[in-house]
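Same chain, two partners: chain A is paired with chain B first, then with chain C.
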Partner chain A sequence: MSCTVRIPSPLRSYTGGAVTVAGEGGTVAAVLDDLERRFGGIRFRVVDEQDRIRPHIRLYVNTSEVQALSQPVRSGDTVHVICALSGG
Partner chain B sequence: MALSAAELSRYQRHLALPELGKTGQELLRAARVLVVGAGGLGSPAALYLAAAGVGRLGLADCDRVELSNLQRQVLFDSGDVGRPKTEAARERLLALNPEIAVHAHALTLRADNVLELFRDYDLVLDGTDRLGTRYVVNDACVLLGKPLVTAAIHRFEGHALTCLPGRGPCYRCLFPAAEAGVVASCAEAGVLGVLPGVLGAIQATEAIKIITGIGEPLVGRLLTYDALEMRFWELPVARRKDCAVCGEHPTITKPEDAEPPCEAATPSSVRRLSPTALRELLASARDRPVPLLIDVREPHEFRTRHLPGARNIPLRDLEPQLRVLAGQGMPVFLCRSGRRSLAACVLAVQAGVAEPAHLEGGLLAWAAEVDAAFEVAAG
Partner chain C sequence: MGSALWIGTRKGAFTLRPGAGGRGWRLSGPHFLGHIIHHVVQDPREPRVLLMAAKTGHLGPTVYRSTDRGRTWKEAAQPPAFRKAAEGEPARAVQRVFWLTPGHPAERGTWYAGTSPAGLFRSEDGGERWQPVAGFNDHPMRPKWAAFGTPDGELLHSIAVDPRDPRHLYLAISVGGVFESTDGGADWAPLNAGCAADFMPDPEAPYGHDPHCVALHPRAPDRLYQQNHCGIYRLDRPEGRWVRIGRAMPKKVGDIGFPVVLHPTDPDTAWVLPMDGQTVWPRTSIQGKPAVYRTSDGGSSWRRLDRGLPRAQAWLTVLRQAMCTDGRAPKVGVYFGTTGGEVWAGANSGERWRCIARHLPEIYSVTHAV
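This part shows the complex of A and B:
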């Protein structure tokens, strides 16, 4: 299962500045694990120790908001990682 | 009161739009809009709202114009450097459109003044650069039932959302809370100067639509923009039943001040070193493990002058390297004023560094207390 993951600006330091990266996995959890293997530390910025999505982060699979990390991801999907921005 | 001859001429291109017409222009003239933050977002938003003929425009900002603002804050010019932003902005907006009234509020928005200020306005645009203030603004708008058009920027990315109390989600529905010190500011991370121009213009567009009742507002849809890709994305946002301010059982019934950024999220394991304490630590390092000096300023600041032995890892690049640093002794983070170094400590604790330290007051304090000859570059 190959999907596209959109990385928010504040987390692009993990991906070498890449705006989008390819992700592998059949669920959001699996995709996050895949990202963690390649971009160590990024997973913890998205979810906390209890695997809860952090309150300043939102995840979407295409346009469907992720409520649980078990949400399926299909080949060709886009996973959006949205992070609160503070700049004005 | 009917539009004057001068107004009919000034707003001719609006009047030519059947969707607006004279009625729409009169609604704009009767409108009272407050722009919170006269910065990158507030600048284009205020300019367009003034040009559009919003009858009463308020600007709330406590800062003075700095030279580094001019790369994006198009309300100001070089001669304004050092002046209070609201004063300089008022002059600029009245020069653009003397038919309107501009009110300058040179203040810091707080829980004890926000309701009084917002009561005099019909609609609020949030362009603040302080995360905590975003929640104060949102909560006040929900409590007063005022429409809010919020936007935020970071490097090449921007967000916008319109919040109509009772009709859609609020900012807390979008992000229930933010971890201060983790969400980097533009001062630290940088921002493409034209980026707030795009988002501020979207905010002004939304304000004009809401005032005149035309079109479909950006309610329940988060608009994200990436300048590098030149793409807009629209993602649905639903009201949260458990929202602390607009949910079914709100726990926020009056505005609350956010704790100072960074301080709120500072774990107790962070060590704060005064300049004198750092000097003593460095002097005694022969007998103990050498502290790892990490200067988290930008490279151009680092090049001007840095402490001997310090390694430069800008804050924006720090996170991926923290796990490596965790096994290399006690890191001491340094920056210009102590703000970025404190944020670095917060990140370090989250990455498993046992007891990160930072120079309280930054290298400015070092120059003031230890080494008067130490030149600290502007941020």
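This part shows the complex of A and C:
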């Protein structure tokens, strides 16, 4: 499965500045593993060691929020990584 | 690049280097602007190597490594992370890498990291790959030792390695206490006897104390100093009971603070920076009059060092990693950074203070590199 992953600015140091990258995999977990193979270190900034999405990060497949990393990803989908900051 | 102070801040890392001809200080950076930098530590065994504990507000925690004295940095391939939780176990995740300590001189490439929630991690390849120290992280007592936490989570800090024996380790947890291992981290025992814990129902409890900073003297490793939530202490091993040397501080100042810094060669000399621990714990300079205190007799007496520091209305807070020396005896340079973004230098063992940088972000750590 080939999808598009939108990379937020805090993670673009991993993708050489690319805003979107191609991803491979039939689930969100597989897409993240694919990203990790190519952009080492990126997965742990997004997902913790218990495979939980980090508290201030949200993942979407197209417009639906990812509740579990097993959520399917279909060819042509866009996976969004969203980061939230607060305060100064 | 010569001698440098590495300043870890809430918004990145900076360096301060003596200016040409020894006049003034030259600020450079930021490195990793916007990243939360808790600690930057040089490897005394390989001075070109530095490690930096980092995270951001939204991304997971990590460690950066430099092998060229901080010119360039590369992320660790495997940052500190707890093992995957088994079914029914609490699933712990590292929220921040808070503390870094180089390993024993004979174990090149070995490092220890302390995290929040309280976890101990070890790297044997210069900080590239980190493994949990199961003897501590999975110790059956660990849930009780690190049960309370602080608003920023439980902090594991002050990891110390006995220079005579790589298997002899100390660490501290806020809130939890001081712990010791004599078998390379396979097993641990509390080491808090003598320390007050006046916030606890049982003041003689074996753990649950709040060490803010513990330091082992590198030349006299049987001597440890501790700045605790409840006073300043000294421990001379093999004795197992801390002695409250802060009792000799002036009553109106008290003996509460975050950092304690040791003289590079003289085990009787140490510096502390008292803060206000009354009522709701403002943690600022006492009465708005900042001062460093130095003992030169192992804590029997203390001398106030405030020449050059503001005389009034200066409400400084100095965190536990934000004070250091330059390691140069006999005229030791002492440095501290404030949460208001100022760095102060105390020449000649702190006898005269000068502000050498201001307008920095909130300072978390000040460390010296050669």
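Assume the second predicted complex is superposed on the first by the 84 of 88 C-alpha atoms of A that agree within 3 Å, B and C clash if a C-alpha of one lies under 4 Å from a C-alpha of the other, contacts with A are read in each partner's own complex, and residues count from 1 in each chain.
Simple rule for what comes next: contacts are C-beta pairs under 8 Å (C-beta built on N, C-alpha and C of every residue); 3 or more make two chains touch, one makes a residue touch a chain.
None of these values were measured; they are calculated from a predicted model.
With both complexes superposed, B is the one of chain B and chain C in contact with more chain A residues.
Touch criterion met: A:Pro10 reaches chain B and chain C at once.
In the superposition on chain A, A:Tyr60 makes contact with chain B only, not with chain C.
Residue contacts after overlaying the shared chain place A:Ala68 against neither chain B nor chain C. Of the two partner chains placed by superposition, only chain C is touched by A:Gln50; chain B is not. Touch criterion met: A:His80 reaches chain B, while chain C stays clear of it. By the touch criterion defined above, A:Ala18 lies against neither chain B nor chain C after alignment on the C-alpha atoms of chain A.
Legend: residue contacts after superposition of the two complexes on their common chain; A:Gly41 is shown touching both chain B and chain C.
In the superposition on chain A, the residues of chain A contacted by chain B and by chain C overlap at 10, 40-41, 44-45, 54, 56, 83-87. For chain A in complex with chain C, the residues that touch the partner chain are 10-11, 40-41, 44-52, 54, 56-57, 83-87.
Contact residues of chain A toward chain B in the complex are 6, 8-10, 12-14, 19, 39-41, 44-45, 54-56, 58, 60, 63, 65, 80, 82-88. Listed in rising order, the residues of chain B touching chain A in the complex are 37, 39-42, 126-131, 134, 151-159, 174-179, 182-186, 189, 191, 196, 222, 224, 226, 228-229, 233-238, 316-320, 322-323, 350-351. Chain C contributes residues 56-60, 62, 75-77, 79, 81-85, 91-94 to its touches with chain A in the complex.
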